[in-house]
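First chain written, first letter: the chains are A, B, C and D, and each begins at residue 1.
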Amino acid sequence: MTQPLLAVDRLSKSYGAIRAVHDVSFAVAPGEIVGVIGPNGSGKTTLFNCILGQTVPSAGAVRFRGTPLTGAAPLAVSRRGIGRTFQSLQVFGSLTVRDNLIAAAQEFQGSMAARLLAPSDAGLGARADAMIERFRLGRVARHPAGSLSYGQQKLVDIAMAFMPDPALVLLDEPAAGINPSLVEELRALLEGLNRERGATFVVIEHNMDFVMRLAQRVLVLAEGRLLAEGAPETVRAHPEVMEAYLGA
Amino acid sequence: MRTRAYAASLVLALAAAPAAAQQTVKLFSIVELSGPGTTAGTNFKNGVELAVKEVNAAGGILGRRIATETYDTQTNPQTAKALAQKAVDSEAFAVMGPVFSGSIMVSMAETRRAGVPNFTGGEAAGITLQGNPYVFRTSFSQATGMPKLANYLASGLKVKSVAIVWVNNDFGKGGRDQMTKELAARNIKVAADVSTDQGQVDFAAAVLRAKQANADALFVYLNEDESARILRELRKQGYDRPIVGETTIMGQKVIDLAGEAANGVRGHVGLTIDAPNPAIRAFGAKFEKEYNYKSDHNGIKGYFAVFALKAATEKAGKLDRKAVAQALKNACYKTAEHPGLLMDVCFDDKGDIDRESFLVEVKGGKQVVVETLPPLSKR
Amino acid sequence: MADLVQLLVSGCATGAVYALAAMGFVLLWQTSGTINFAQGEFVMLPAFAMLAGLALGLPLPLAFLASLVVAALVLGAAFKRVVVDPLVRAGVLPLVVATLGLSLAAKHAVRVGFSAEAQPFPQIFPEGVWNVLGVRVSAADVGTLLVAGALLAALHLFITRTLFGRSMQACAQNPDAARVLGIDVAGMILATFVINALLAACAALLVTPVWFARFDMGEAIGLKAFFAAIIGGFNQMRGALLGGILLGVLENLAAAYLSAQYKDGVALALFVLVILFRPEGLLGRAEERKV
Amino acid sequence: MSLGLTRAQWLAVLAVLVALALLPLGLKRFGIYMLSLWCVFVVAGHGLNLTMGYAGQISLGHAAFFGIGAYASALLVQAGWSFWLALPAAGAICVAAGLVVGFPALRVQHHYLAFATLGFNVLAWLFFRNEEWLTGGNFGVRNITRPALFGRSLDGDLAFFYACLALMAAASYATAWLLATPWGRAFAALRDNPIRAESLGIDIRAYTLAAFALGALYAGVAGAFFAPLVGYIDPSPFHLTHSLAFMMAIIVGGAGRFFGPFLGIAVLILLPEWLRGISGGALTRIAQEWYLVGFGVLVMAMVVWCPGGLLGLAGRLRRRA
């Protein structure tokens, strides 16, 4: 295996006596789609937050492209090329969809002072329009994002994460709360991004069908521990997993 | 469209000088009706209105009725200046107020520019030192009052040292600066110099410092509410030296608020409702009947201002602002001819006045005049 | 030494009143995330309600009771229904602005409708002054401290020892869990608003004899209560107590020993330092960063 | 730059400017003075609107920046500087102050930041009052002269009004321009959702500081004009209460809306004068006396029912019609 894009080494996070994440290690290779599953409270989101700098891990290390990322602040993490979405909806409600997309990428080029003199779309108009087309948001491109339906906002949210061409994207339950046909569309979109751009991502998901079809490899968390890891079929067949997951 | 309609109506409103006003004498009261100067401004305004009522009932000035308008400066000099402009724009014959020195210092530039006589209750020395021919006092300046009080401290109370507690605003700072100078001239030591804030509540520290200074007397120079609070604290901490003040602290409002604790305070008052003078007593009764409370010195100032204007206008013989201002220079007016003035008074060439004043003491919840001081010029 | 004690006693009496108002701040913040910038007016209004009662010929105790009722209804229930409820989900800042508007309206309504001048108010404690080892202590100081202390202690007992109080606390800490436990969350929040109004009315009774009833008397007390709450800890009742007393005492000490001109600056410097280095307040718990 | 306006809209803007320029011709000194004051306050209002309306950072210290600008320009001019040098100096001092005040943003969450600005305002006011050697203390700075431009004195009321109007036009243009750059978008992102913004590489601390510095710059420049307009400054107009009034005016006009400050400041300072100008029946007298009460209620009502301010209300009514 070549150098992994993301390497998580024995990561732990405890809140007092509660171990939210306990001794978790895994790696993500470039171009890979990794799913993370586990029952509620199994530590998936805490794991994400530790990697992304929202919380500081109690122990362990995170490396990105071979250099340490442990404890870096969220801004630094994003500047290093790691995008993310949140469990809850997070768009800029008062900006138009197109402006949301431009906002998502404009800070990755030039200096802050240069942006003061840059053209209004920061030279990102074409890229935003392409993303709008890919996510089929053309009809609402000029509407304030806050006025869109939940499913559409979710698409905007995900599109934003991909706008700056991140090396890695961490998606927290992208399919939650959207209708089944849109789920299917979303899977196709993500697969397309992976295929065409080699986009790498880690997906937390409750929708088993969605994640099993999308991911090339699946991690199973239970009570903060990494219970199993492997190709979707292998994991699905793992008796302990089925017990932990379905038994919960 | 909306903007333009609004703008147009604004033009109409701002430009609409009342046209029917030629037959009246227009008087503008620009006074403190809110903010820290409320008590002073309200009294002054009420005094003006009472006087206007009486003048109008007696046939007005040179046969013309007086029409008044009142504006609130919010005790804010910038607002006072703007309102003075407004009065000038509306062709004021004279402007009454503001009472606070900080405000009149700024607003009088406007009345001066337009040549409108401007009476003020302000006491800062600087007001009449700017060569403004249109500004006139209704009371002593601090430069007149403080020496009188300092004389009293030096020869009446025979003190060697004084603690000063003052309020840190233009009124308090001005008085404190003037007093410090006067005390130095009389070889009286300032043993403590304590600044307090407008609106201050807890005077424990200020009183403590005054006590620690161990001075022969305490000079308190605060606004009304704060004067009352410090008097309570002085009583509580058992301050046993003479407490002296200039005008404010012996005012009726302070006595009402401080109750018992005001007893024993003494000092100099330019004007007081309790003066041994039938005209002033009569004014006090009328004022109380009209407004249901006792006037303080600012009420007398406002009342006096209107009658001073009337006297000067009659002397000038015509409704001419410049002539009226001229008639108030180096001129004396007697109550025999102008009873509304309450006391014989002389204006000098700068707009300062000279007349009798009083040494008073608060006894049994009332201001009692101990001695009447003659006008400076008679000395 | 006696001088220092003199300042401490006086500062504590003043600070106890700040603490009463600050306590209300903390209660509202804990249960509903409301920062009430009209807190000072919540003290001013009952003072005028009492004056109105006195003017109608009621004796002071009755006027006070009436003002308690009015405060509970208007400053408690109505305030919550009309101003807070519609905004509680919009976050902290809209409520800050709305209560600023309320403060402005209340102040000037009293100014125009009643009077702009300070009104005398009857003394509630006897006039006596004792000399204790060179320290002059007035009945008013002792009374204010005792009453404020008793109120705060009662409130503390009420919240920690009674079922009702503990339910209130549960709502403050975790409304969802409280709801699951069958606690009437809305009712509990309403209760804190009423308690805040009652505390403010009590503060009014204590301060008005000294501060005098004046339309803008709330400006100082509201700001001081706010500073006290932040300094002590915005999410801690004990913090409000500490903050209030600290503020009252510091002002006096600063005026006596440092600079009378900057006496407010000392408390303010402490306030800014707390915000910078210990935003949870001297006694507060750190609030977890929310994602 | 077109700033996204059509030609018709540009013409409308021009027409309004011309109307404003013609407006004072029918007015006396007081009216001209009030309009000048409005222009100056609108400039400061743009600053607060940037900080608060667009970038979502509540500032309770705007009057302090306004004061710093006013004192800086007044004192520098009295020290013999040209006003046109004192003006940028005042702006620069305010930017520095804005950065210092925004500094807690590097450490604390945003409502605490609002509290810190409140503390700053009180401290600044104490400084203005106490440091008599510099600021004149309670007695203030008197006889502040008005500058000349290209050899023409701006001392006349009308001349200075045009200077204020030009300032307002320039500041408004600068605001519109700024909002059309990527910064405007970053400010909106900061306001709408700072946590999300951070995950997208938006340096929320840097933009928060920038928002404070810009707000302070506008306030400082406005203050620098305020001093010669009034001719006298003392600490009173820079008190905390005026910061709160500024903020409420922006809310009433419509925070985060370009025309919000124009309307909000008009409601704050022109409307009461206009009401007073209607010579009057009992009803207008009541309206005058109860004006501030009404303003307070309006602020509450706006926040509760109409977060878009009066402009938002107008928009809502238009859509319904």
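Quick note on the criterion: a contact is a pair of C-beta atoms (placed from the backbone, for glycine too) under 8 Å apart; a residue touches a chain by one contact, two chains touch by 3 or more.
Quick caveat, the model's predicted, so the values are computed rather than measured.
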| note | The chain whose mean C-alpha position lies nearest the overall protein Cα centroid is chain D
| said: If I average the CA coordinates per chain, which chain comes out farthest from chain A? | reply: B
| Whole-Å gap between the CA centroids of chain B and chain D | 35
| message | With centres defined as the mean C-alpha position, give me the chain A-chain D separation in Å. | response | 42
| query | Distance from the CA centroid of chain A to that of chain B, rounded to the nearest Å? | reply | 73
| query | Which chain A residues reach two or more other chains? | reply | 86
| Residue list for chain D, restricted to those that touch at least two other chains | 129-130, 195
| task | Identify all positions of chain C at which a residue touches two or more other chains, and write them in rising order. | result | 219, 261, 264, 289, 291
| In the complex of these two chains, what residues of chain C are touching chain D? | 35, 82-83, 86-87, 90, 92-98, 100-109, 112, 219, 223, 226, 230, 261-262, 264-265, 268-269, 271-272, 275-277, 279, 289, 291
| Quick one: in the complex, what on chain D touches chain B? | 16, 19-20, 23, 26-31, 33-34, 37, 129-130, 132, 137-140, 142, 230-234, 236-237, 266, 270, 273-274, 276-279, 314
| task | Please give the residue numbers of chain B that touch chain C in the complex, ascending. | result | 33-34, 38-39, 42, 168, 194-197, 199, 201-202, 204-206, 208-209, 212, 224-225, 228-229, 232-233, 235-238, 253, 256-257, 259-260
| request: Note which residues of chain D are touching chain A in the complex, please. | output: 4, 178, 180-183, 185-186, 188-189, 191-193, 195-206, 210, 256
| field | For the chain A and chain D complex, residues of the former touching the latter | value | 52, 74-75, 77-79, 83-84, 86, 90-95, 99, 102-108, 112, 115-118, 120, 122, 160-161, 163-164
